[in-house]
Amino acid sequence: MKKISIVRSLFNLDRRIIYLFIFLSILLPFLVKFDLPIKAAKNVRNVYDKIEDVAKTKGERGTILLSFDFDNASRAELEPMAKAIIAHIFKKNIRLVVMGHWLNGVELTKTLLNEMSAEFKKKYGDNYVYLGYRPGVQILIVNMGKDFKSAFQTDSQGKSTNDFLVTKNIKTLSDFDYVISFSAGSGGIEEWVVYGQSKFHFTMAGACTAVMAADYFPFLQSGQLNGLIGGLAGAAQYEALVGRPGSGIDGMRPQSMAHIVLIIFILLGNIYYLTDKYLKNKKQDGGVH
Amino acid sequence: MRNLFYLIFNFFLLTPCLLFVFTSVFTSVMTMTITTTARGEVDVLVPLTVPEGLQLIDKPNDNGQALMLLWKKNSSANSSAPENDKISYEIIIAENQNGPFFPVGKIIAPFKTKYDFPQLFGYAKENKEYYAFEIKGYTKPNEVKAGEVKEGEKPKTTDVLLSPNVTYYVKVKVLEEISTTPLKFNEKELNEVLSATTKGNWFATNKTNSVLILIFLTVVIMLYIYWAQRNPHGLFIRKIAGLDAMDDAIGRATEMGKMALFVHGLRSVSDVPTIAAMNILGRIARKIAEFDAELKVSHWDPIVQQVSQETVKEAYIEAGRPDAYKEENIFFAAGDQFSYAAAVEGVMVREKPAAIFHFGYFYAESLLLSETGAQTGAIQIAGTDAFTQIPFFITTCDYTLIGEELYAASAYLSREPKLLGGIKGQDVGKVAIIAVLILGTIFTTCGWERFSQLFWP
Amino acid sequence: MNFFKKRLPLLLAFFTGWLAVILDYIPHQNGEALMTTITKGLIIIGAVTAFMGIYGLLGHHYLKMKRKNEGWAYSLLVWAGFFIMMLFGIYNNGEWILKPQAEVGGVSWIYEYIFNPCQATMFSMLAFFIASAAYRTFRAKSIEAGILLVAAIIVMIGQVPVGILISERLPDISQWLLDYPNLAVKRAIFFGIALGGVSTSLRIIFGIERAYLGGE
């Protein structure tokens, strides 16, 4: 009886104990540094290869559209991949257009672009343009696909998109050589695929939080997405491809540790469960005899 | 005033709903459904020295703002040779046969074939024998007065896009790279002047399969709805535990004297899961009004809130309890994902509802909401068509409606024959899809792709 | 009145619904122009909803404060937060409202140092909640649940670099699990959802489903 009650108490472990272990598994690897091997998955490599391809075939006339469809909540996961991709685009001298479907993402996008353009010495208007936020999501995408200039007559600062080298030749979404949506929820990859890619047939990729990645696998197989970068692990892989280690690669230590701790807890939970079941059966058998 | 709002709402919000939800979900899903089988790889292509059989045509299935330049693959070329990146073509275009001609751009290897544009030319194997290049616009030098351009400065240019219903004339120049340092080319301009007129198309022929499937599904679903109305007793719907438990959950709230909380997902009123959730809310509100319990509904979108208010109010009126309806209980929590989660969690922790219903499309906030609900000890019933969130709801809620069960809920709860008929029609559609998938898999595995291609976009 | 509340909305749904379906198959410039006009109108309507949200939010919290409901102080915080942010927005770092929002100043500071950490906190709570929910529910209660458990562990390890340290093949196995068994199930659910979506849309277009209009 006593054995069962001990097992039961372990079985119903106070959730705060689990929280504590998860907290430590995330905190400690930040303090103790060690290297982990990083191998780029096929879906991540496809994005890298496509940007290389745009650079090769289009050179400086190549234009890529990045849609920042996330806010601060998922910044930790999505910003590292955004930085790695922008670094890649800037390194290859490809023109960059940035926009966003999330109003709360405007400030972080501005900060990120200022930081990256300063690092790579890129000029606003000639190398990159920030269009800002417009409401509408699905409707906005359709509008951009039909008539880009009517959807974005001006950039985020109210200057005409006809005046920038980067945007003056863009008429519809199909004029972009590549579109990547960094998505953390509603108003992101799915809307881009359904209302953009499948209607206007441009090449596009997605970058999303780890929990959402599995949502988009069907689009990969059907060819509607040519690549997908999922979560911090995807960011780390892209950083490794570009050769620019950042918070993605740094984050792999705590993420790996947290996964291991979680697995240990799941296994322990199962051991308690099976022990409990065994003891209960034994007790019942004892009662019969 | 409310009627006026309602009218505006219906006009402007049902338009996107029906505009986008139906057509886009339909076409995109058919695209996905249809492209599940493997496609053939495009051959490695060999460019030619002089393009043979040049043709200029209006781009099919477009808005009349592009032309296609086609030429034949060189039959004498060795198909196993690597891509020849020494050869490129320069295209020039004019609105008059005698010019002036303006540059369109350079076509460099690897060239695309007609097969790479299936939306325009289909999937015929012969299409691999023709190269294709899309002409969308050209570069025109700006008019300048003498002395305005300084020496050494590049003249400014404007990019011009092709217009509909205009005849264009195109010439091709062949460039062969003979040395890289310094870069030298052999040039040869072809004498032939090609011409074509841009024309907008009234029907996208590449979507014929989509139209036929749309007609098929519409007819089948409508026929079953009609049939169900005439034979209301001939319909069976399997048991959905989550929906059966709804009465118990509401009953529990009534007995405990606590409220029931309905949490809407994170999509707008034009999305199907939100509409499905709204249908369920109507049924729940009616039961709650009958049981005389309290109902609170949280929203992420102000328009969804307006519609919810109307739905709940109508339900209370129908239940004969208009006095029990409190407009402030149908509240807007926050317009941001995690602020919304925080606000609703706050309500759960402070007011400890006896029953919590999560219906609609959820993202990462699903676990935050349902785990907090589980901690407060409420009976939780969830329903979502968001794949990734289903596991979280299953682990934290007492009952979870998966995928299409969410859509079927309204019919299940009301038992109205015409709604049940719709579900029956849907099942026939599903059988048709399964048949196509099985046949497609068999034929493609046997090397016959034509069948699958019938369903490709 | 019944005409404005029931019949007219249903008629509008019918006509606009089919218009949308038809426009999707017309690539012609005139069809495109009509679609662009409709979508532009919708963007404007979308922007107007912000005011409805503000009205709903402030009204709800005003009632809470007025009735001194439990936790009414939080409602006060909502009002304070709203007006402080709005005042900084109007002041716009000395530029006032007619200029585009300044990149430095009160709004940017509140966003960076209050809103940002609050949001990040909410998101990071997921890690703890996932752990607790997984511990409670991930049990090998049957053979099927046992298979799921093993697959989950492989995917969890395979998705992080530590998987490569255990075995070079682990990430590939993990990806295979995601690409095939997982995707097959998802696709099956997706077909159901898609058909459900089509059927629900048809029911709305034909006015069979009316619960969203507040009635049967």
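Letters A, B and C mark the chains in the order given here, with residues in each chain numbered from 1 onward.
Throughout what follows, a residue touches a chain if its C-beta (ideal position, glycine included) is under 8 Å from a C-beta of that chain, and two chains touch if they have at least 3 such contacts.
Worth saying up front: this structure is predicted, and the values here are computed from it rather than measured.
Participant: Please state which pair of chains has more C-beta contact pairs than any other pair.
Facilitator: Going pair by pair, the biggest contact count turns up for B-C.
Participant: Farthest chain from chain B, going by mean C-alpha coordinates, please.
Facilitator: Chain A.
Participant: Distance-wise, how many Å sit between the C-alpha centres of chain B and chain C, to the nearest whole number?
Facilitator: 16
Participant: Centroid of chain A to centroid of chain B, CA atoms only: how many Å?
Facilitator: 20
Participant: Counting only residues that touch at least 2 other chains, which ones in chain B make the list?
Facilitator: 16, 20, 24-25, 27, 32, 36, 336, 338, 364, 387
Participant: Could you check chain C for residues that touch two or more other chains and list them?
Facilitator: 24, 32, 42, 119, 122-123, 126, 130, 132, 134, 136, 138, 186-187, 190
Participant: Would you give the residues of chain A that are in contact with at least 2 other chains, written as numbers and ranges?
Facilitator: Residues 71, 73-74, 104, 139, 142, 199, 211, 214, 218, 221 of chain A touch two or more partner chains.
Participant: In the complex formed with chain C, which residues of chain A make contact?
Facilitator: Spelled out, the residues of chain A in touch with chain C are 13, 15, 18-19, 21-23, 26, 36-39, 41-42, 71-76, 104, 107-108, 110, 134-136, 139-140, 142-143, 146-147, 150, 156-158, 199, 210-211, 214, 217-218, 221, 231, 233, 236, 252, 255-256, 258-263, 265-270, 273-274.
Participant: Which residues, counting only chain B, touch chain C once they are in their complex?
Facilitator: 3, 6-7, 10-27, 29, 32-33, 36, 61-65, 164, 200-204, 207, 210-211, 214, 217-218, 221-222, 225, 272, 275-276, 278-279, 282-283, 299, 301-303, 305-307, 310-311, 313-315, 318, 328, 331-332, 334-336, 338-339, 341-342, 346, 350-351, 364, 367-368, 371, 374, 385, 387, 390, 392, 394-396, 402-404, 406-408, 410, 414, 416, 418-419, 422-423, 425-426, 429-430, 433
Participant: Chain A touches which residues of chain C in the complex?
Facilitator: Against chain A, the touching part of chain C is residues 24, 32, 35-36, 39-40, 42-43, 46-47, 100, 103, 108, 111-112, 115-116, 119-120, 122-124, 126-128, 130-132, 134-136, 138-141, 149, 152-153, 156-157, 159-162, 164-165, 171, 175, 178-179, 182-183, 186-187, 190.
Participant: Provide the residue numbers of chain C that touch chain B in the complex, in ascending order.
Facilitator: 1, 4-5, 8-9, 12-13, 16-17, 19-21, 23-32, 38, 41-42, 45, 49-50, 52-53, 55-57, 59-60, 63, 70-71, 74, 118-119, 122-123, 125-126, 129-130, 132-134, 136-138, 186-187, 189-206, 208-209, 211-216
Participant: Name, in rising order, each residue of chain B that touches chain A in their complex.
Facilitator: 16, 20, 24-25, 27-28, 31-32, 35-36, 39, 108, 119, 136-137, 159, 161, 266-267, 270, 336-338, 361, 363-364, 386-388, 457
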